[in-house]
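You will see chain A twice below: alongside chain B first, and alongside chain C after that.
Let's look at the complex of A and B:
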């Protein structure tokens, strides 16, 4: 069918609203941030913002807090991505096998995903309260007698990662389970039958049939979760606010502080571009080296 | 083919538009010019108003404060004071907005960036230098013809928090300070007769309080930020920077400040200072009510809180225990400032003047906000007040935190140094040397 005149315009008219939203809320802020990042940016309209070239970017690499936040971000990403993928896969395999109550378990595991980050962050903060009245401390000390005294979950720089990371894993498992589950349902049953005839046991089938068949999905989930890990902010901001002594600061919370705490918007924007470059590089490398002939 | 070209053209055009708008928007201008522009605009408006007497439309001014939405302060403001003002000034409507304290600064900055700042704000005294520095505030000493009279009426201490680089940007709205709360019930149980007069008396309580139980503490506070540690530093005779605010070296790492931190370190090592100062444990106000903490320091707002949360527990106030520097606490409170972006400065100033009236100050005093107008101290209301006495006495010697635009960063450096010291991660002298060097760099920038 050939379209004529106005008819040919119609598809673009339908595309227009989405495109406008995309331009207004994504492209414009991105370009504006790029511009801000090369200025000593003044907040108030009408004030002189001085052009400083790449000075903000140079400051990023000489800022000791940037390097410690980068380390923290990497550590958070490694731990939470591994946790989410491993537990998500286990949950998906179990739910996939479940004869009865599959929908129930699927919903149950997916539930944390749809909860609000703000609410569950505050909830975890209370659970891990440093005093005796915190539920985790109460369980560990008074009920299970595993510890002689309470742990200062939020006041100890190392212990503070426990609530942050466990929240990150708990909240994300459902999402990776859902994606894995969809992939598992696509694996042809004949392959398992053939494997059985060849004498393969359960582990063998998992290793030689299931995992290779869902490989593209594994890579997809890995890439998405790593991006998500680098963008961790709400939980950290609300649970520890980067404390104690900025030891739990991550890239995004550091960036936020530069802008809204110290009014260094130019430096904050430069940080955001460095962060974007890091994420883009890592994602590119992941896809390049892990893809091996399969489409992601 | 054609349609694809059309689409590509469209995309390029919109991208170009975006880029152009992004680049055009900030149009670098010279600050002085903008200021004069604003002034000119105002003059024009004045001319228009006087030359064509139109039927008066009520002007709405917006006032932001951080009173709790459901609090006696907010209720007094919204139900009594604003209606009284509007009755006296029928051509002005006051829209009051309660913005939670932790979101206040960010929300204000965002609204200013968008050019829609409120007309007046009740600002934490410590934000004024920073807001003045970025050009957000109008200079009251320049735009208010009767400013001198108002300036003369208020306490000089709270007034000083409005001064930045030779200009006065606001007037104090309420004041407060932290005093020593001593736990009568725990004192009785431990056999301590009276609240400590000196810092050494506090240390001497250690053994007696610890005898009550391992989980009892002599003193508690919520962290190592300036608001918490400054009363100790100043009472020890120390300070964090020189009077001219040019350097911290020689002050923050001077012998008296070092002694103050060594004292706190010893207290925590002896188990007499609660780990709440490291961010753990029961918070100070609650621990006092639960007889875990024998002493803590806090402000007058705790009385209404105790009345509602711990009605069976009494707060007993005394002056901060004295050291070599005397009994020195930290001045808190809020100022009322006029935003430079306000389109209704004349009307806003009318409300600002109203906040300095006896009526406003005394009504707010009923809700726990200490007045700033000097002559009110001699009124029967203040003389017979159940708890303002100790605070007024403490205010005579209390000092304000460093009025500097980089204060937020300075406070963070101080907080981190305090944490490193009390966690035993750095020796006291080393931690303070490092912090002083960092603050020196901040102060040198301006």
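Let's look at the complex of A and C:
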């Protein structure tokens, strides 16, 4: 709308309260984190913070724990994103075809997404209890006879990834299903009719019609899930606390501990910028290479 | 002809529903087991073989969870924070979205893209400066300290969601208000907001649940026992009563009930909010 004189202030008045809150708690902290990252930041009042240039960043890259947490984060992301994409797509295709009960299944599959991370993390910790009466051990050993004896899920570094990763997939699969479902509903039915006339069967239709048509959504979900994978924290914090021997530590738990356990805010802030740079780079590359030939 | 098709499709249908039911039991199984455990006495929690339906069900855990450890206080804290976050979010983001949807002004693109960019940042990277800011503003151990961060954190996403909705509203009514001598504030409160209840509900639900479930920021800034919210209290519960899973899950279920009620009764707003912006034809 065209505004004159004092009226030009009107949009700013609508914007002002929200923008103030946003600038104070989001934009200012973002810039402040950059400042903190070049200081040996002292949290306690009265102590002087020393400017140290890029020393914190150098420390990040020479810290063996950073590299092992980066490796763990990448592994967690690859496994959980693959699981969520594949199972989410399968669930969406099936639910889409289920005329009866579609809403029921959709509602049920999505429920873990909105449950608090704290509750489901504790739940998985209990399900993967190391004793023989832990539900997963019980099912694997006594019911299905897949294992000769129970596994100490939380005391073995490799086994500990099982509860963490299966939780990541289980909790997230409903989200990708929901987005895929919405995309499937937008695919024009005529395309399937044309494909049928050409003699295409179910798999051909999936490969040649459905997947190409929902490709922008596939890319969107992939990018969002990868960003989410890098932000894994609560499940690890509550299930293994990074243990045993920091072997299940991820970038965010490492960052949080450096800051709030050892009060190394400067190092933590530097790590946060490194993390943001990694996420931005990966997202950019995914969009650049996958988007070819499609309007997203 | 019709019968033939149904006969051919019947096995296919059966397989389809068999897989869907298998999936449903994988999704619901852990929750059902949690409910079952919440009704077990302490001695039965690690019984072998594990009982799916408790042989000696008891509501002792629920009574203990609710009456001990200030649990009622935590519940009220969570509720206060979630309602405040929801209110602040709806008021502020609808105002911003109105400005973005209906006006041209200097700096519009700058503000718009700044917010868009912030949406891609991992929220936790701001935790150190946010903590320092909260301390300097004397907001540590205070519930408003939670509200401001929750509201600011969800602001960008909700503003975009509402802006998209407002842009789709017809403008004729608004012009009529102006001709009748009404102002832009009247348009906002009397036309835009009443026409946008579904979108506002979506924003409200997502901000309520986001706040209700939030853990990391609350863990960081709340030390005082009486100011805890439910997620912190439940995590602490598990720390204190390491093997008393019945108690932990009774507490968890109390926390899940409001979520479940909102979720089941307000279903359609979830789908709307999720797919807004995510799917373009």
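Everything that follows uses one rule, which is that the second predicted complex is superposed on the first by the 289 of 296 C-alpha atoms of A that agree within 3 Å, B and C clash if a C-alpha of one lies under 4 Å from a C-alpha of the other, contacts with A are read in each partner's own complex, and residues count from 1 in each chain.
In the analysis below, a residue touches a chain if its C-beta (ideal position, glycine included) is under 8 Å from a C-beta of that chain, and two chains touch if they have at least 3 such contacts.
What you see is a predicted model; the values in this text were computed from it and never measured.
Chemist: Have a look and say if chain B or chain C is in touch with more residues of chain A.
Modeler: Tallying touched residues of chain A, the top partner is C.
Chemist: Between chain B (first) and chain C (second), which, if any, makes contact with A:98: first, second, both or neither?
Modeler: A:98 contacts chain C only, not chain B.
Chemist: Thinking of the overlay built on chain A, is A:131 touched by chain B (first), by chain C (second), by both, or by neither?
Modeler: In the superposed model, A:131 contacts both chain B and chain C.
Chemist: Using the superposition on chain A described above, determine whether A:196 touches chain B (first), chain C (second), both, or neither.
Modeler: Touch status of A:196: no partner.
Chemist: What is the contact status of A:82 with respect to chain B (first) and chain C (second): first, second, both, or neither?
Modeler: Once the two structures are laid over each other on A, A:82 reaches no partner at all.
Chemist: Looking at the overlay, what does A:231 touch: chain B (first), chain C (second), both, or neither?
Modeler: second
Chemist: Which partner does A:170 contact after superposing on A: first (chain B), second (chain C), both, neither?
Modeler: The answer is second: A:170 touches chain C but not chain B.
Chemist: With the two complexes superposed on chain A, say which partner A:8 touches: chain B (first), chain C (second), both, or neither.
Modeler: After superposing on A, A:8 lies in contact with both chain B and chain C.
Chemist: Under the contact definition given at the top, report the residues of chain A touching chain B in one complex and chain C in the other.
Modeler: Shared contact residues on chain A (touching chain B in one complex, chain C in the other): 8, 12, 19, 27-28, 32, 43, 131, 133, 260.
Chemist: Chain A touches which residues of chain B in the complex?
Modeler: Going through chain B, the ones touching chain A are 2-3, 6-7, 10-11, 14-15, 18-19, 21-23, 25-26, 28-31, 34, 105-106, 109, 112-113, 115, 130, 134-136, 275, 278-282, 340-341, 406, 408-409, 415-416, 419-420.
Chemist: Touching chain C in the complex: which residues of chain A?
Modeler: 1-3, 8, 10-12, 14-15, 17-19, 21-22, 24-30, 32-33, 36, 41, 43, 91, 94-95, 97-98, 101, 103, 105, 107-112, 114-120, 122-127, 129, 131-135, 138, 142, 170, 174-175, 178-179, 182-183, 186, 216-217, 220, 227, 230-231, 233-234, 238, 252, 255-256, 259-260, 265, 268-269, 272-273, 275-276, 279-280, 283, 296
Chemist: Which residues of chain C touch chain A in the complex?
Modeler: These residues of chain C touch chain A: 16-17, 19-20, 23-24, 26-28, 30-31, 33-34, 37, 46-50, 88, 91-93, 95-96, 98-99, 102-105, 108, 111, 114-115, 118, 120-133, 148-149, 151-153, 155-156, 159, 184, 188, 209, 212-213, 215-216, 220, 230-231, 234-235, 238, 245, 248-249, 252, 255-256, 259-260, 263-264, 267, 270-271, 274-275, 278-281.
Chemist: Any idea which chain A residues touch chain B in the complex?
Modeler: 8, 12, 19, 23, 27-28, 31-32, 35, 39, 42-49, 130-131, 133, 150, 152-156, 243-246, 260-263
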